[in-house]
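In the two assemblies presented below, subunit A is common to both, partnered first by subunit B and then by subunit C.
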Partner chain A sequence: MNEFVERAIDLRWPAAIKPAYDVVIIGGGGHGLATAYYLATRHGITNVAVLERSYIGGGNSGRNTTIIRANYGIPEAVRFYQRSVDLYAHLEQETDRALMHKTKGLLWIAHSEAGIRQERARAAVNTACGATTEYVDPAAIGEICPQIDLTGGGVWPVYGASYHPAGSTARHDRVVWAYAEGAMRLGVDVFQRTGVIGLRMERGRVTGVETSQGPIAAGVVLSAVGGHVTTIASMVGLRLPIRTHPLQAFVTNRYAQAFHPIVASSGLGGYASQTAKGEMLIGAEIDRAPSYAYDSGYPFLQHCAFRMMTLLPFLRDLRVLRQWTGVCDMSTDYSPVMGLTGVDGFLVTTGWGTWGFKAIPAGGEQLAALIATGRTPDLIAPFSLDRFARDRTMADRGSAGTH
Partner chain B sequence: MAAHRLRIHCPHCGVRAVEEFAYGEIPATPDALTDVDARDVDRAFMHSNHEGPVSERWFHTFGCRRWFTVRRDARTNEMLPLPE
Partner chain C sequence: MMAEFGGQMAADSLLTHLLRDPNVPIGGGCLCLAGDCPHCLATVDGVSYVRTCQVAFREGAAVIPHAANGQLPPLESRGERPRVSARTTHCDIVVIGQGPAGRAAAAEARATGAHVVTLDARDGQEVIGIYPGPLVVARAEDGMRHVYPRGEIVVATGASEIQPAVSGNQLRGLVTARAAAELAAAGVPLGRVVAVGTPPDGIVCERASGTLLRFEPSSDPARVGAVVMRDADGAETRWSCETVSLGLGLTPRDALLRMARGMNVRGVGDVLVPAHVPPCPVDGTVCPCAGVTVADLASVHARGFHELELVKRATLAGTGPCQGATCVPHIRAFLAAQGAALQPPFTARPVTRQLTIGEVAAGAHPAATPRTTLHEEHLGLGATMERLGGWWRPWHYGNVEAEYAAVRHGVSICDVSTLGKMQVSGPGALALLEHLYPVPIATLAPGRARYVFMLDERGYVIDDGMVARESETRFTLTFTSGGATFAEMWVRDWAESLDADVRLMNQTFSLGAINVTGPQAATLLARAGVPAPPAFLRHGQADVAGVPCRIYRLSFTGEVSFELHHAAADSVKLWRALLLLGQDLGIRPHGLEALLKLRLEKGHLIVGQDTDFDSSLRRLGCEWGVRLDKPAFIGRQAVLRTNRLPLDRQLCGFEMAVGFQAPAEGATIWDGEDLAGVVTSTTWSPTLGKSIMLGWLRLKDGQLPTEVTINGRSARRVATPFYDPEGRRARG
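What follows is the complex of A and B.
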């Protein structure tokens, strides 16, 4: 046994679907399962079903590069993500599961004067809103991460960076399993291979779902289906500020040295960290054309590897082991869309795009509070769907950037 | 459903790698939405994002530099014939 081998997970699969639940959650990714977990643990609401059409964690929650951080660019986002960072820090203890949560520190590199201004602004807004981020110069960057070529291959010189000590990673599938296990232990029903194919409406209110296994009545329905949210929302005629784009990532063979921090660069449109096994895990930007296809290809690999090698020359000596894709629910303003929808009985958690793994604890906690009390908590009120009609978008593209 | 690698059929230049093109969404605010303000919000922020056959515009940046319309299955990236 080593740390990569999971102790037997105690997933108590239910025998049969009940005809009705207080809450039906569509989608067994991190957000759906965390919401069920917090409903059960914080509010005693356990008459809950989570319906997953494939297997739990088979969507983006099991495909991401697991970066957890709170260094966003607008106060509302910093406060929300800081809550998630805090919850992640205690999640192993709370769930009694080895989630391999590891604090690494995150360098966000600036390659231009404009980049310096952006990273200085990030440090300032983070500090003002309760997250810790400081601006560091190239000498300090070299100490934090000796592998960085500060000349950027002569093309992308490193001018400075914001440094976010709380930047961390965790094993994504274990996070999913821990939430599923905790929820099921308290009586939540989680069903795999159970897809939602319709929403039932009575007098303007969503009253249940049609599934591949038959109809289920529900007091409240939450859509937590990642990139497929438009398909669910369109069943009740709801239009969303979401477009689904593929996002790819890849991992190399083992790099024999320790690479401690997470290194991100908006200029290069990529980021890198080292997994517990020693592989280099590298991600980049979304595919420009919207698509639901899980296609991964050589052009991405070439483009992304080439750019990251200018910053981290040692990558040249490594080999690509695996490459994969997830389909991401990208929101128009690059911020999440959580909560009430204007359709009675129907809630969404979406707009998680390329950045929603870190948000799983706080997103689940806050949505559970909303479902339990009927009131939108202050922490997520700025991220309601109606912000677009109210002209209160949460534009933060420069922080959402790919991880 | 088998995924096809996304390759764009330019009516002028033929089948080319997607990296040569720029994507253009065709906004499609539903006719049922009649309120003027609601239409503006929809046009500014909302997307049809259909999980199935979609019509879209592409610009051949590194080619003939012309806009054209394409029909594609967003689930598989398969190119579909344009409606007559």
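What follows is the complex of A and C.
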């Protein structure tokens, strides 16, 4: 008996595409499906289609390292992600589905004076904005995670860390499916293998989409795609301050549960956690060069393995199982872009970089509210696209390039 | 059968050795002996998940079969291990697999004179992936092989045998037809063998006809005792046996081939066979790695999981050590039987054969942090070294207060060799620098220097430093230590884009730099043979204590400062001479900790610490750093545009009432109940007798608050510099 077999979620696929929907969401990943779910459950809007060019959750929603946290570096981000942390904490209850949500605590290690400054700032800003993060010394780190080599292999000694007790993980696929199931149960139509090949515009307003299965009229179109958002936006002549970078990760085989927290290090450019299945899951920062490629690289595997082994020597004899790659939409200030675009009838949720999974509930909830009411909720107003024109960018150095 | 693998009688694999003793609990599931199935996995000498069929038998090896205890291996690495080596080879052609097809391909390539590297799992060289490069990575007993072919990669990995997916398939005594032949040839006792499907070569055995229904245990509940078949009429026949040989068809072992799509790769031999689609499984375990049954497949399929990838994710079938080699044919057959078209197998990704994290890390090493020429001098003076801006630098020499006092009241030296340094020369030098910097460069006369910011196209500060003009066509630039690599790339990219007629010479490592600073700095230089050093914001060439130097007169500490740039080879000589000449002046070197205090008293920001990557000069309170009447420079349009918008936050100076300790950097700044910013730099100023800070402050109603709270204590926003605001001391 395999406890990981999904035994409850029931995906009721629609029979056929209707000619018109109130809302068409492009992208059947976590963000698209969560938005549909909240439109249906919170606002009673169910004449909604979600279009997925492949299978649901097959993009970044199924490629991320499933970490949930709110320990960002700027107040707006802390508040937004804290909302997501809170929604995740109750998502199993709300959807009545086992999402394997587990609170683990997250250590973000500093190996230098600059690192100490960054982690202290993170702790202070988090505390000021309703998230719980404290700065801890090496002795406390050793208690939270006895497997850490505090000498960093004699190369990168551990000076301190910020500790975020709310850091948690959930099974990414199940989050996607639970949202899909909940939305479909209330009448939302989700179509797989339905790619968008064009957007229809009439008198400056987006009025529908052209798909591989034919045209669909839409009251509002939301792009919730990952990786090719600039391609979708260009269909209406919109340029986005987004570049797409690959992000790689790997897992080991399964081992007995023994590594409890999530451990991250900007200095080493990597992070590790043990999954519910028992695998060690290890990731790194984004590849520097922009690309849409899903190729897995050996230098990543080699160097990430090496660096994480200096911090976590117990990794040495574990067996590498599989590596893979996702693609991350990075905005120029490393913060997400949500909401209105200036093109009537066309909204985006993008710029999710390496932190899209943790934002799924709050992103979906807030965009649903925006679509339903026509007003941008305060929580996401700072993340609007026009911030770049208004010189209100939100650089978050503490989050740049990391998960 | 043996000819298939080269006709060599290999030494026993660990698995073959174990199977000679029927009481060793290995197996349990249909053994393939080819590295495909997960049934022979064991922990060997502390390394878990070892395919015992793929490693040679070695006397004394400690083996714990995984299937035996039913528990996951412990999350640990015990004891010391020799460092794994990594060998890099460049060649013309790589041939993976040395069966008949692989051998033929290798021979053909060699006949053309090509340098061919062959890698064969049966020789202990397991290829774990083909990567962009192209790079073929193999794991071998004696270390990792990184092979870079100039030409073709030939994949001759053959085909694997399909595993049985029926009830009882976890029993011991099941082998594939090839494995049966191989074990028989190795003299492993198989007892009474019944063959299902294609019979094994070279073994006399009964052949069970009909459709495979199930396996039944013998008196030992873990061992097979019979195989049950159904004939065309639906009648069941039971065949008693001790071993079942299963020839259920082939599926190509093509993960490497699929992984390398788009590269110069070619399959030969059985790797190209069409995948045999077995009958739809009706009962039993489909995926032994994750324990997924046919009932599990049916359950998720009934609830809408129809895509192969969704079935995989909903059941975890195919996510275990064999990466779908066992289950994928059956899942495809199952889904096709539900009426869908036959779906392609999962995407192939590395690693196709497993290796340890220690092995994969072979050949990697810590990125070296560079040291200046004076590193040993610092250590000799008792310095505590710290990594800063990508270099090892002296953090202090044991007495920060005394180091600070030497600068403010006497004379001190500091190793600033880590500064980025670049010489820009040629007819196009001036035009290039006019484009790169937001202030006029043409008005800078030869012999003069100035402090400058570097902006990106968005008008945000990316670096700061000095521009010094040496002649009409020659300039020296300095960059921050941590930003020098990016800045050099930035300058080179722009020089290329603008097609500038310039020569760019990186002098960061070739030149050392020592800053002589303090009220007695000029006295020290006079003693070193420079009675008339350059005036403020000027520079000149002179021998200092016999070392040819270019002397730049700027100031970061707030005191009279002379930055001595010299050949790095002379650094030690110059450093020692200065310390000796200044002995009676109370000279002592200062480290970064004192320097950070000194510069903060002057309100000088540090790019990267006090700035973020959206810091415009207006936000930094440094609008003097840009001249908008200059017609063109990088970032001008952005500065013009954003200057028209209301300001939202600014980097400001703060001080706390006397007696309050400086808060930690990163502390939050509060304007009443509102979070208004964060402290980026902080120190206690010995000269001013209070805590001083730089930090980001948000405007409220268009105004910067004056009274704020930091760490629960009241603080005031004040103008910078905190110390010597008129700058008299630096001018001397």
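FYI, the second predicted complex is superposed on the first by the 394 of 403 C-alpha atoms of A that agree within 3 Å, B and C clash if a C-alpha of one lies under 4 Å from a C-alpha of the other, contacts with A are read in each partner's own complex, and residues count from 1 in each chain.
Following the convention adopted for this analysis, a residue touches a chain if its C-beta (ideal position, glycine included) is under 8 Å from a C-beta of that chain, and two chains touch if they have at least 3 such contacts.
All figures in this text were calculated on a predicted structure; none of them were measured in a lab.
Of the two partner chains placed by the overlay, only subunit C lies in contact with A:W324; subunit B stays clear of it. By the touch criterion defined above, A:A124 reaches subunit C but does not reach subunit B. When the shared chain is aligned, no partner comes close enough to touch A:I25: not subunit B, not subunit C. Once chain A of one complex is fitted onto chain A of the other, the partner contacts of A:P75 are limited to subunit C, with no touch recorded for subunit B. Once the two complexes are laid over each other on the shared chain, residue contacts for A:I262 go to neither subunit B nor subunit C. When the two complexes are overlaid on their common chain A, residue A:C145 makes contact with neither subunit B nor subunit C. Of the two partner chains placed by superposition, subunit B and subunit C are both touched by A:D295.
Once the two complexes are overlaid on the shared chain, A:T332 sits against subunit B and subunit C alike. In the superposed model, A:A178 lies in contact with neither subunit B nor subunit C. Annotation for subunit A, partner touching more residues between subunit B and subunit C: C. Comparing the two interfaces of subunit A, the one with subunit B and the one with subunit C have residues 295, 297, 332-333, 393 in common. Subunit A meets subunit B in the complex at residues 228, 230-231, 234, 237, 239-244, 287-295, 297, 299, 332-333, 388-389, 393. Of all residues in subunit C, those touching subunit A in their complex are 46-49, 71-78, 81, 129, 131-133, 135, 137, 146, 290-292, 296, 299-300, 303-305, 307, 309-310, 313-316, 319-321, 323, 349-351, 354-358, 360-366, 386-388, 395, 458, 608-609, 612-616, 641-642, 645, 648, 664-668, 670, 675, 678.
Residue ranges on subunit B touching subunit A, taken from their complex, read 3-6, 17-19, 22-23, 25, 30, 32-33, 37-38, 41-42, 44-51, 74-77.
Against subunit C, in their complex, subunit A makes its touches with residues 1-2, 4-7, 9-13, 55-58, 62, 75, 112-114, 117-125, 127-129, 153, 155-156, 173, 177, 192, 252-259, 274, 277-278, 280, 295-298, 301-303, 305-310, 313-324, 332-334, 390-395, 397, 400.
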